[in-house]
Structure formats: C-alpha cells, structure tokens
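You will see two complexes here that share chain A, one where it goes with chain B and one where it goes with chain C.
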Partner chain A sequence: MINERDRVPGVLLATLAGLAPLLVAADDLVKGVSLAGGFLVAYTVSATLALLLPARVPPIRAFALAALAAAASMTLYTSILRIVDPVLFELLGRRLFIVPFLGPVISVALAPKNEAARDRGWERLIGGLGFALAICLMGFMRELLSSGAISIDLAGQALGRPILPIASQPSGALILIGLVSAAIVAVSRAVLRPSP
Partner chain B sequence: MINFRKPDASLVVTTAVIFVLALAGALSSRYASRLSSADFNTLLAPGSNASSTWELLREGPVVGRTVNLENVATYLIVISLSGGTLRAAIVVGKDGETRSARVLGSSSGMPYFKRLGVLIQGLGTAQSVGYSPLDSVLEPLVRNALDTIARAERDRRDALHDK
Partner chain C sequence: MNSFALIFYFVFGGNILITWGIVPCRDQAVGIRRSWIGALSIFLASIPASLIDSFLYRRLLTPLGLESMEPLVFGLFLFGVYFSFSAAASALGKPLQAPTDEGTKTIPWSLALYVVALSVGERFSSPLSLMVAGGVAAFGFIAATVLLDDIMARLDLESVPEVFRGMPARFISAGLIALAFSGVDAAFFSRLFE
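Let's turn to the complex of A and B:
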C-alpha cells in the first residue's frame, strides 16, 4: 500500500515524466518561455473547462470537450508564435502540437470526481503555473550551463564560458530531470518524516 | 416515433465556443502562414519579396527556400549547436553550387558560433577561412547542411524538368 510519504513524490515524478518532452525541447530560455506559454494556454483552457462544466455533464463528454478546447487553443497560440518569430515556430512547431496530448494536460481535462475536488479546482490552475515555471527554469538552467550566458535575441549575442556543454543535449536534460527528481524525493521524505 | 431529448444548454454553448475557437485557429494559422512566408522572403532576399516565392522544406538544418524570377534559390538554414543556434542564408547557383552565404544571426557569442559563422561566410568565395581546431567539430555540420541543400536543389531542378 502506498503511504503519504511516497505518494507526494510519486505524483510529482509522474508529472515531471509527463512534461519530459517539453523539458527536453527547452534547451534555451527563449524556447523554454515559448514552450511554457503553449503549455500554460492548453493546460489552463483544459482545466478551466473541466471545472466550469456542470457535474450533470457525462464525464466522457466533459473530457472530450476540454481536450478539444485545449487543441483548438494551441492552434491559436502557435499561429501567434509563428507571426512573432517564424523561425522559432519552425524549430518548435512539432513539439508545440504534442502539448494537448501531454499527461498533465490530459489529466486536468478529466472532470473532478466530487464537489470537494471541484472546490479545490483552483489548485489545478496554480499547478499549471508551477509547471510552466518549471519549463522556463529548465530552459534557463540548460542555456546557462551549456553556454555560460543567457541571450534573449539574435541581436544581442551573449558571451560566456560553457560550464556543462552537455546540458543543451537531450541527454543533459534527462540528467537534470534525474537530479531534480532525486531532490524532490529527498526533500519530500525529509518534510514528511514521521515524528518519533 | 423518435424521441429527441433536449440537449443540455451548457454543452451546446461549450461546443459552439470550441467551434468558434477552432475556426479562429484555422483562420489565424492561414494568416500566420502567409505572413511568415513574406517574412522569410524579406529575410532571405531583401527588396525582392514581391518576385520571390517561399517554400517550406523542414529537412534537417534546412528550413526552406525562396526562388526568385531568375530561378535562383536561396536556402534558410538553422544549425543548432550546444548552447544556441545559428541562422544563415545560402544562395545556390543554377548548377547547384553554393554561390554565396550570409549569416543572419546567432544566439551565442561563443567561439564555436563565431567560427561557424566564419566557415559559412566563406562558402562560395575564393577567400581562405584559415584553420581552427574547432573545424573538426563544425565542418561536418556545414557539410551536412550543404548536402541537404544539394539534394533539395536537385529535386527542385528535376521537378522543373518534368513539368
């Protein structure tokens, strides 16, 4: 049987695994912010719709509508990104279109099981902000580690000394995810340690 | 007799909103596609966007190409390296050879990117780009991009001949 001590890191690790395609794609800050924006749009639309639909709507219909809304909103987001930076869109386009199918987005498209869960719906929305922030931070950390500097656009080239060049590779992203996962498990075990 | 149940109002409204959202997405996607084509034309062939056509390729480092009225193609390449990307425009001659190259921008000022810029800038010129210990890492990337461009250009010429 899973106890509370193992459940909390388990949920966080499952979420990290669900976000892995975006965390791997976010190899610099600009990509991280763009992917986080797309994730936030799909996640928020999906979660909000699942919460707003009345409980009498059959769960499977509520799920289908929330998932459809997430996909439609992603199309709008990618169009805006394409207008703002067409090359960035070409680099990220394929990754952005998988966002509506990611684990965290699919899980919030499911309608809450009962009224108590519906009342705690805002926690889901806050969670989405946290996940988006995690994607941005991943992009920031990977760019900083791999190039030793952060550049916002192509005009302002950042000069820096690489600290860990592998961080920009997918393998580097997986190493960072592993380190973050280990930290989550260690911290949650320390916090949830049963008092003697 | 068929007994129709009255649909739930919330479901009808939600479906209508999603339909409008999908329609807006489709229209904005079409608009963005047109706008990005114009942007790429301006980026690759400044001043001649009215007479060039943009084609999206998405083959390895090659993003796409514009072809002007003289049937000369300019390819947009994006080379990703540890810590950033470098964008460049490669003009290809009628025989498929690299005529000139221009670096459009780089997201990093690291020596790797600077040297890559020098290697690309030297394509199609008689000028020597010198030697750097970084070349062993960078030359395969440039060669891969040029091979992809040559393949794409050959396919384009073949398609033109078949017409």
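Let's turn to the complex of A and C:
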C-alpha cells in the first residue's frame, strides 16, 4: 500500500516526467518564458473547460472537447508568438505544438470524478502556475549554468564565464531534472516524516 | 543522406527520447512487462503518421500560412481516429475503454507518435524518406526505452541512495545515454551533414 510519504513525491515526479519535453527545450530564459506561457495557456484552458462542462456531458466527449480547446488555444498562442517574434517561433514552434498533448495537460482535460473533486478544481489551476514557474526556473538555471549570465532577449550575447556548458544540452537537462527529482523526494520525505 | 546514415542518425544522434525529452515514466523497473504489441503498433503507426503529418503541414497548412494550426489539426485527426475506432468497436460489441487518470500521467503513445512525425518532418520531404525515417525514428525511441528499462532493472540490484531510486535514477540514466548519443552525433553525424 502506498502511503502519503511516497504518494506526494510520486505524483510530482510523474508530472515532472510529463513536463520533461518542455524542460529539455527550455535551454535559456527567453525560451523558458515562452514555453511556460504556452503551457500555462493550454493547461488553464483545458482545466477550466473540464471543470465548467456540465456533468451530464459524457466523460469521453468532455475530454475530447477540453483537449481540442487546449490545442486551439495553442494555435492562437503560437500565432501571436509568430507575429511578435518570428525567430522565436521558428526555434520553438514545433516544441510548442506538442504542449496540448503532454501528460499534465491531458490529465487535467479529464472531467473531475465527483463533486468534491470539482470543488477542488482551483487547486489544478494553481498547480498549472507552479508548473509554468518550474519551466521558467529551468530555463533560468540552464542558461546561468551554461553561459554564466542571463540575457533577456535572443539577440543578447552572454558575457559571463561558462560554468557547466553541458547544461544547455538535452543530456544536461535530463541530469538536472534527475537531481531536482532527488531533491523533491528528499524534501518530501523530510517534511512528511511521521512524528515519533 | 543515404539510408544507413538515416537509420543510424535516428537511432543514435537524433533519437527522439533524448533530443525531445520524451522519457516514459515507470515507478518500478523490476518485473516490467514489455508490451511488444504496443511497440509494434507505434512502429507501424509512425510510418503513415509521418507521411500524413508532413502532407498536412507542407501541402495544406504552409501554403495557406496556417502552420500554427498544426496542433489543432493533429487533435482533430487523433480524436477522429479514436471515435471512428470506438464506433467500429461498439458495433462489434467490444467498446474501447475511455482514458483514465492513471493512463494520462505517463507519456501517452500518441505523443510519442506525434513527436516522431514532427522530428521527421523537420528533415525530410520525399514520401519514401518520410516513411523510412518515421519507422526508424520510432524504432530508435523503442530501443532507447528498452535500454533505459534494462538499466533501471540493473540499478535495482545496486546500492543506489534511497532518494535516487526510481524516477531520479531514470532521468539521470536517460541523461547519460543522451550524453553518449550526443557524442556519437558530434563525432559522426554533424560532420556528415556539414
């Protein structure tokens, strides 16, 4: 039987695995912010629609509607990104296309199982903010580690001294995610340790 | 690019598990049951999927300047296929199961299929290249998944620190495989395409 001490980090790590494609793509702060924005839009639309659809709608239709709404919102987001920054669209376009089909977005497209779960729906929305923040932080950390500085636009040249250049590579991102996961497990176990 | 270079590229250098971060999530590696039918399905499905995705993107959306609609078109196609199969299965008296919460937490196979189609479509345009590259990219994904599962099964026999067991070790192992693959990519494929 899985206890609370193992369940909490388990859910977080499964979510982290679902977010991995975006965490790997976010190799600097600008890309991290753009990907986080796309994720937040798709996640929020999907979660909100799943919560607002009446319970009489068959679950599979509600799921399809929420998932398609997330895909439509991503279409809108990438269109706006293309107008604002065509270079960023070329760099990230195809990575953004997969956002509506990532595990965390798909899982919130499922209608809540009962009224109690529907009442706690706001927790899903807050969770989306946390995940978006995690993507931004990953972009920030990877850029800082790989170039030793942070640039706020793609044209900016990092003037810092590289600390760990591998952090900008997919391999560096996966190792970093592994270390963060271990930290999550360690902190969760310390916080949820049963009192003597 | 000749056929052999293409095959080696998608198995090693451009492996989608590594370059796209599509890491299948399993809590325990011990006692894993490999779904060869699932692996064969994704391999076979990726061949037409690459062709269809490229056709939709290059022939339909790009000439109209509607590239941004790709996720919506893929979603409509995906659910269109699902509801068609569902209707056919219901007619045969064996209705399909609806997706479950647990099922969506892991990497959905449809996502892997989509990423295969996207990564192939970025590099190739001829129908034959697309189909071959689609199948090879799917094979590379399946091979890397099996390799990762075997590493995890072996790690369960080692004295890995408790906090690194499970997903953290899986990510770090995937990162080390990626490191090896990127070395192959840098030493061989990058020069090949220069």
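Some points to look at:
Just so it is clear, the second predicted complex is superposed on the first by the 192 of 196 C-alpha atoms of A that agree within 3 Å, B and C clash if a C-alpha of one lies under 4 Å from a C-alpha of the other, contacts with A are read in each partner's own complex, and residues count from 1 in each chain.
By definition in this document, a contact is a pair of C-beta atoms (placed from the backbone, for glycine too) under 8 Å apart; a residue touches a chain by one contact, two chains touch by 3 or more.
Model, not experiment: these values are computed from the prediction.
Judged by the touch definition given at the top, the superposed model places A:Q169 against both chain B and chain C. Measured by the number of chain A residues touched, the leading partner among chain B and chain C is C.
Contacts of A:R193 after superposition: neither chain B nor chain C is touched. When the shared chain is aligned, chain C comes close enough to touch A:A182, but chain B does not.
Once chain A of one complex is fitted onto chain A of the other, the partner contacts of A:V57 are limited to chain B, with no touch recorded for chain C. Using the contact criterion defined above for the overlaid structures, shared-chain residue A:T75 touches chain B and also reaches chain C.
Note: residues 68, 72, 74-76, 78-79, 82, 166, 169 of chain A belong to the chain B contact set and to the chain C contact set alike, using the contact criterion stated above.
Those residues of chain C that touch chain A in the shared complex are 18-25, 27, 67-72, 74-76, 79, 82-83, 86, 98-101, 104-108, 110-111, 114-115, 118, 122, 161, 163-164, 166-176, 178-179, 181-182. Chain A contributes residues 27-28, 30, 49, 53-54, 56-57, 61, 65, 68-69, 72-76, 78-80, 82-83, 86-87, 89-91, 143, 146-149, 151, 153-155, 157-160, 162, 165-166, 168-169 to its touches with chain B in the complex.
Of all residues in chain A, those touching chain C in their complex are 10, 13-18, 20-25, 59-60, 63-64, 67-68, 71-72, 74-76, 78-79, 82, 93-94, 96-103, 106-107, 109-110, 113, 166, 169-179, 181-183, 185-186, 189. By the touch criterion stated above, chain B contacts chain A in their complex at residues 8, 10-11, 14-15, 17-18, 21-22, 24-26, 28-29, 31-33, 35-36, 39-40, 56, 58, 63-64, 76, 78, 80-85, 87, 104-110, 113.
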